[in-house]
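A, B, C, D and E label the chains in the order they appear, each numbered from 1.
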Amino acid sequence: MRKTAVRQSPSPVGQAGPLLEVQGVTRSFGGVRALTGASLAVPRGRICGLIGPNGSGKTTLFNIITGYERADAGRVRLDGKEVTGLAPERIFAMGVGRTFQITRIFARLSVLDNMLIATQRRERWWRSMLRGAGSAEEVERAMELLRFVGLAGHARALAGELSYGQRKLLELAYVLVADPELLMLDEPAGGVNPTLIGQLAERIRELNEQGKTFLIVEHNMELVMSLCDQVSVMSFGSVLVTGPPEEVRADPRVLEAYLGLDDEEDDLVESGGGTSGGR
Amino acid sequence: MSAGTLEMAVIDGILTGGVYALMAAGLTLIFGVLDMINIAQGIFVVLGSYASYVLERDAGIGLFLGLLITVPGMFLLGAFVEWAFIRRLGQHNRVTMSILVTYAVTIVIEGLLLLKFGSNYQSLSASYVTQSFHVLGHYLPEIYVYGFALAVGCLVLLYLVLFRTRLGTSVRAAMDNRLAAQLVGVDVKRVATITFAIGVGVTAAGGMVFGAVQPFTPNSGYDLISRLLTIVVLGGLGSVGGALLGAVVMVVVEDVISVVWSPTWAPVIYFAVLALVLLLRPQGIFGQREVRAQ
Amino acid sequence: MSASSFGLTRWGTAKGRRLGGILLALAVLAMFPVVFPNATVTTIAVYCLMYMAMATAWNTFSGFSGYVSLGHAVFFGTGAYTTALMATHLRLAGGYDLFGVAILGGLVAGVAAVPIGIVALRTRRHTFVVITIAVFFIFQLVATNLSFTQGSEGVVLPSGQFSASTYNDPFYGFLALVLLGTVAYAVGLRRSRFGLQLLAIRDDEDRARSLGVKVWRVKLLSYCFSAVLVGVVGGVWAFFVGQIYPQFAFDPTFDVTIALMAFIGGLGTIAGPILGGLVLEGLQRYLILTVSIQNLYLVIYGALFLAVIVLMPDGVVPTLGRFLRRHGAVIGLQRLRGRGAREGLGAAEPTVAAPTGAPLEVGGGRR
Amino acid sequence: AAGKGPVTVGTSLSLTGDFAANGESFVRGYTLWAEDVNAHGGLLGHKVVLKILDDDSSPTQVATNYEDLITADHVPLIVGPFSSLLTVPAAKVAARYGYAMVEGAGGAPAVFSYGLDNVFDVSYPVKEGVVPIAQWIASMPKSERPTTAAYVTSNNIFAEPQIAPAQKIMEAAGVKTVYNQVFPTETTDFTPLADAIAATNAQVVIVSTTSVSKVIAFVKDFITQHYNPKILVGTSGVGESAFISAVGACNANGIIQPNGWYDGYDNPLSKAFVAAYLKKYGGSPSTITGSSAEAYSTGEVLAQAVQAVGSFNQKKIIAYLHSGHVFQTIQGPVKFNAKGENTDGLVFGFQWQDNGTKYVQILPRNNPQSVAPLYPKPAFCS
Amino acid sequence: MAAEGVALGGRVVPTAGSGGGGATDRDLGDLLRVEEVVAGYGGGDVLKGTTFSVPEHSITCIVGPNGAGKSTVSATISGVLPIRLGRIVFDGEVVSGRKPREVLQRGIVQVPQNHSLFRKMTVRENVEFGAFLVRDRRVVRQRYERVAELFPIVAERADAKAGSLSGGQQRLVEFARCMMLDPRLAILDEPSLGLDPQVARTVFRTIRRMHEAGVTILLVEQNARAALRLSTHGVVLESGRVRLTGSGREILEHPEIGRLYLGGGTEEGADVPAGEVDGKVEEGEVRARTATTEEDHG
């Protein structure tokens, strides 16, 4: 736990192995084969996108990586170490933070308290008993992030009183405040105001420049295409293609499986949240 | 220990289990639908016994016939309690709050019963209370057999109501997702009232059988409630069939242990079995689990 | 709601006022037996202290974590039995040393909580309630049936070697210390990261895990701590009552009583359980003593609860707080100002106004 | 007697909670006793006033109550609560203030084992309960004597101690123990136990419980199992009307219960008590419970001690109670040993006869009042 | 007033006076009016005198930042959240203060934003529940078949527990559920949330078909450009107050609104003329209200 914690400076992209490596993970629920040998590598210091049709297994893959579900077969490596089947708190301690597609916040804690829970990754457990809920710096950092997502005014409100989009933002904010090496975001932009999405993208890029690695599941193509260094497309439980956004976008398989061939009505959706990517 | 005794213990256990299931059926319904712990279930059982007792003593109405009056009567009482108190429970601290509210209801009813009937034991009498069927060399007490039949009957009825009627459909919807139920046109408040009322109404039948198999005082509810709660949890919250299975498992385990080993340790073993089952299946035997994390 | 964002009420806001309140409470606590030396009054006071401490201790686990324990009587009984058995086996005379034994009783209760917690805390909410009840019955049965607990005959402790006229004072003093310790723990818990983690567990245990909360450890520890505190009180109780039987040391209504106290005052608050314990225990002892209206007493008692529950569904302290806030403009204003300066957060007052990106904030800051 | 102020006798009774029914009987017994004393000129010329507090059947409250009676009300005299469970905490408080605790319902061995020298139980020691019945069985001619016995008892400080002494006597007389089990007090379902006993076909069955409900459950089950032991004993509740109404009079025929007092007890004091009771509370003699008699006797013993020492001085009263003097009560003679047990306590055996219409005294056999027992017990009739 | 919004309503809906052209307000009466509504949860007010109206046969889209009160508006209309002041008029009748069930009976269906499936029930049960108020089993079956055809996932996973579906699949089932009734007004709170591009397209297409079939639609979307392009009317909500109303296009092209809530520059949004959108609608088979003719709103 200590070891991963000290590594602050970003190692140059491409050096050493990938930060996260998923190999041949399968998982089925009764008759449903959610994952059929999914493999994925997230290089250190990159922003990776993970897209795919509804039900293609993206969230299930997230769950397996972060210890919420077990895999039937396959392995997950983090920074070269095998982490398959470790408990969520262990995975977190190793520097992986995630958000949930269907937001999960602590409804009866204040927004600020929600943030403070997440600030303790590098702490000995017994210290939690001997210290206050948050130090001045922690509160400051939390407030800064809240300000960024537009929730500072709600810092004292109960998190359960937030609107859908605000919850989404709060969840994102407290994963950010935890300051993990790898941030796994499951549809961070869903339900978020387009203008704000643009700012989120800015922030993600900024963090990326500081060395954070991202794995982002998103249906907002504009965002994915503009933000990601590398995009993987899942279909029926396995990764179909991985490559730079432009390539992936043009790949006929992707068009068929995900984007759709009939682009006659693209105007209705494609620009959703749209130009926010800033291109 | 003869094989006959063991066999008898199992038979006893199954029959008595039926009686417990009858008492627990209402609890599991209330538990599952209203997401609350109803401590008052014990006193409702006792109230059912007293209701049957009064009808029998003062009006000469037989125990089973009396159910035609006591069940609707308790149904109305249940509706009132839900309307007056349960409805006010918020979503926050719901478990604690429901325990406390129903505990308060318990002591009020207990106090009223004490005022009316005093703390002496009463019992229900009818010719079949001390008679038995002779089957394959075993004597089966009639009242237990009737109780078991009544239990199965009630549970089947409850099951049909839950799964074959519109009311049941709305009950299950309200139990699953309140907001969604509202939005598809379920009158959630009314459903809650009716469910609680049904739960309490069914308990009138349980109370009748309880009163027939053993004497009762207004205090008798306390020994019952923990048993009923464990039955319901063992079977799975909200599962009607689970209540029957839970009850039978519980009583058979206890009966067999008390016959082959010692009555003293029988409840300990039962509780240990309960803990073990819940460790392996936290949702109970027939309970459903929260489906997945997302 | 928002004023208690921690789920907890902030008593008073200005530091001075709080300090004043605390000092006043301490003074009352200290002076009480001097002002009211009557043995009946001090007896009732001793029981009040016990229940105040236990309601607070219960609250530090159940109120914070949302796991409702109806089996804390197990720890009360374990503390009581440990104390009683040690006193008889060591042939203690019944002096002050027995208080030391009571502390040991508490520790034993805490140890007992470990296996129970390991089993019970794996389950969730409703199931947990029922498991604690089950464990409770196991303990009661075991105490009734094991030979070393002397079964249903119970255990008698040596009578306290204190003079009859001031017999209650040592108990009062020791329990006052226990209460202070318990409250200090509760306050500390509320302010600490540990307490925050417990509250997070209450809201969404699974989510808390992926934020690195070691839910297991946190739950178990707070369960044990609250068990220790209740166990110590159990030990003192045994000494005070002088003789224990399984059905009283392991009393099935114990936890409902405690939960009621914690609730009446306000679940998850600091002042709530203290107030609830004081009022309920005091009132009950006093009522039974003075009015003796027999069974009507039960009806009234129950009806009163129902009234409180219906009228103040959050408990007295929070409701009262809200009432004051709404009706006392001055207090309200102070409160509003004090809101930012929550204890434990130090000077870092978050800026409530001025968002960075103008459009982000339009969604509505709170007035 | 005029001119002197009243004297308050304090007590704490279980008016609510588990022991409420017995608490009620105790209230009647104490009340009758006080009226009786006052009708005869009071205690040392003082009118007796009762102060009764409710303890809700809780040891915590009982201690508080006596504390209150002694330190706040400064009552000169106290009498005991109901149940052995509450007697010890009450007696400890009394001891702290040097008060004598005369009581009628704290006869469990546990009460006497702690060296409390201020406790005096006017009833027979609980452990003696089944002894006369056992002696009667042992005294039967070999040919008639039953050969097997089943014992089952509630795990309770009143019920459990009754078994061992009786069992010892019977085993010595060659009555083999074929079943001997203790069940937890909270048990509500007795069918497996009853069936197991029935399966042993024991000729003597002794069911030791503290509440009528349990003995009813056993008997009902024996009936349904068509199991007819030669001797069926229930240590408590058999004489109550609730028992008859639950199992039916005819089925009760021949069932035996030991007790220290009964309404037909041929003792002038007792007869006067029955008359007074009926005058005040109405009903038939059979509705008077043994608990009322225990309370009344408690008062009698205390009054006699006070009269004898001529003051309310607790030290003197305690000394006198320990002196070995024999007190006369409606329950018969009372004499205390050093522990405070009543060594002269009488235990009778009672049996339902004449198809369950009459509850008669059958033991001790040498007592001229005793009726011939029904032996073996007639078969259940339904 | 711009004419684009009118054209759609005029052409597609036979009942409204056709002829294309003319102002929105003249041709289309208001089906729903939200008048000076004040509402909130527990503490303060969230809606502070919100007023707007939804013309009959329109697609009205509410846009606004997160926390503006859009979902709160939906909740007040459907009766889930009681209002404090003001009133809500539906088809000439005041519906505020009525139970959700009564509102539904009058023909207002809502798909809420947060996931509202019966997680422990099967997909089929969930969808059928949409027609809870319809007592005729035959009609329910017919509609179910229609819905299953439209959204294959419903048929594929008919017997799966709804809670086990993926986020997007759940959203789709919710949407499918709302199609089981034949509402006069459908309130859709972010129908495209979490849907992949293809499915989102299907959903938008379906919305348009519903509209063509005569259903008035109140849409809440953060995917605002797409939504506004589809809409005849738009409402901008800000801190519980209506900031601006107008035709969908007006809102879309409003420079400040665009910058604040639609994610920057407006130029891209302008490149698809609304006429084209409409044109496609014509091409797409306009489904007659075959299975939906049963009127069961009482």
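Things to note:
What we mean here is this: a contact is a pair of C-beta atoms (placed from the backbone, for glycine too) under 8 Å apart; a residue touches a chain by one contact, two chains touch by 3 or more.
These numbers come from a predicted model, not from an experiment.
A centroid comparison over C-alpha atoms places D as the chain most distant from subunit A. When the C-beta pairs in contact are tallied for A-B and for C-D, the bigger tally goes to C-D.
Rounded to whole angstrom, the centroid-to-centroid distance between subunit A and subunit C, based on C-alpha atoms, equals 41 Å. Subunit B and subunit D have Cα centroids separated by 36 Å. Distance between subunit A and subunit E, defined via averaged C-alpha coordinates, is recorded as 30 Å.
Note on chain placement: the centre of subunit D and the centre of subunit E lie 79 Å apart, centres being C-alpha means.
For subunit D, the set of residues that touch two or more other chains comprises 16, 20, 155, 182, 184, 186. Within subunit A, the positions touching two or more other chains are listed as 59, 68, 100-102, 108, 150, 154, 161, 163, 166, 195-196.
Residues of subunit B found to touch two or more other chains are 114, 264, 267, 292-294. Contact residues on subunit C toward subunit B in their complex (touch as defined above): 62, 66, 68, 70, 119-120, 122-127, 129-131, 133-135, 137-138, 141-142, 145, 206, 252-253, 256, 259-260, 263, 267, 294-303, 305-306, 309-310, 313. Residue ranges of subunit B in contact with subunit E, taken from their complex: 169-170, 172-173, 176-177, 179-187, 288, 290-292, 294. By the touch criterion given at the top, residues 59, 63, 68-69, 100-102, 108 of subunit A touch subunit B in their complex. In the complex of the two chains, the subunit D residues touching subunit C come out as 15-16, 20, 52-56, 58-61, 63-65, 67-68, 70-72, 85, 88-89, 92, 95-98, 108-110, 113-114, 155-157, 160, 182, 184-186.
By the touch criterion stated above, subunit C contacts subunit A in their complex at residues 1-2, 5-7, 191-197, 199-200, 202-204, 206-215, 217-218, 221, 339-340, 344-348, 350-353, 355-357, 359-361, 363-366.
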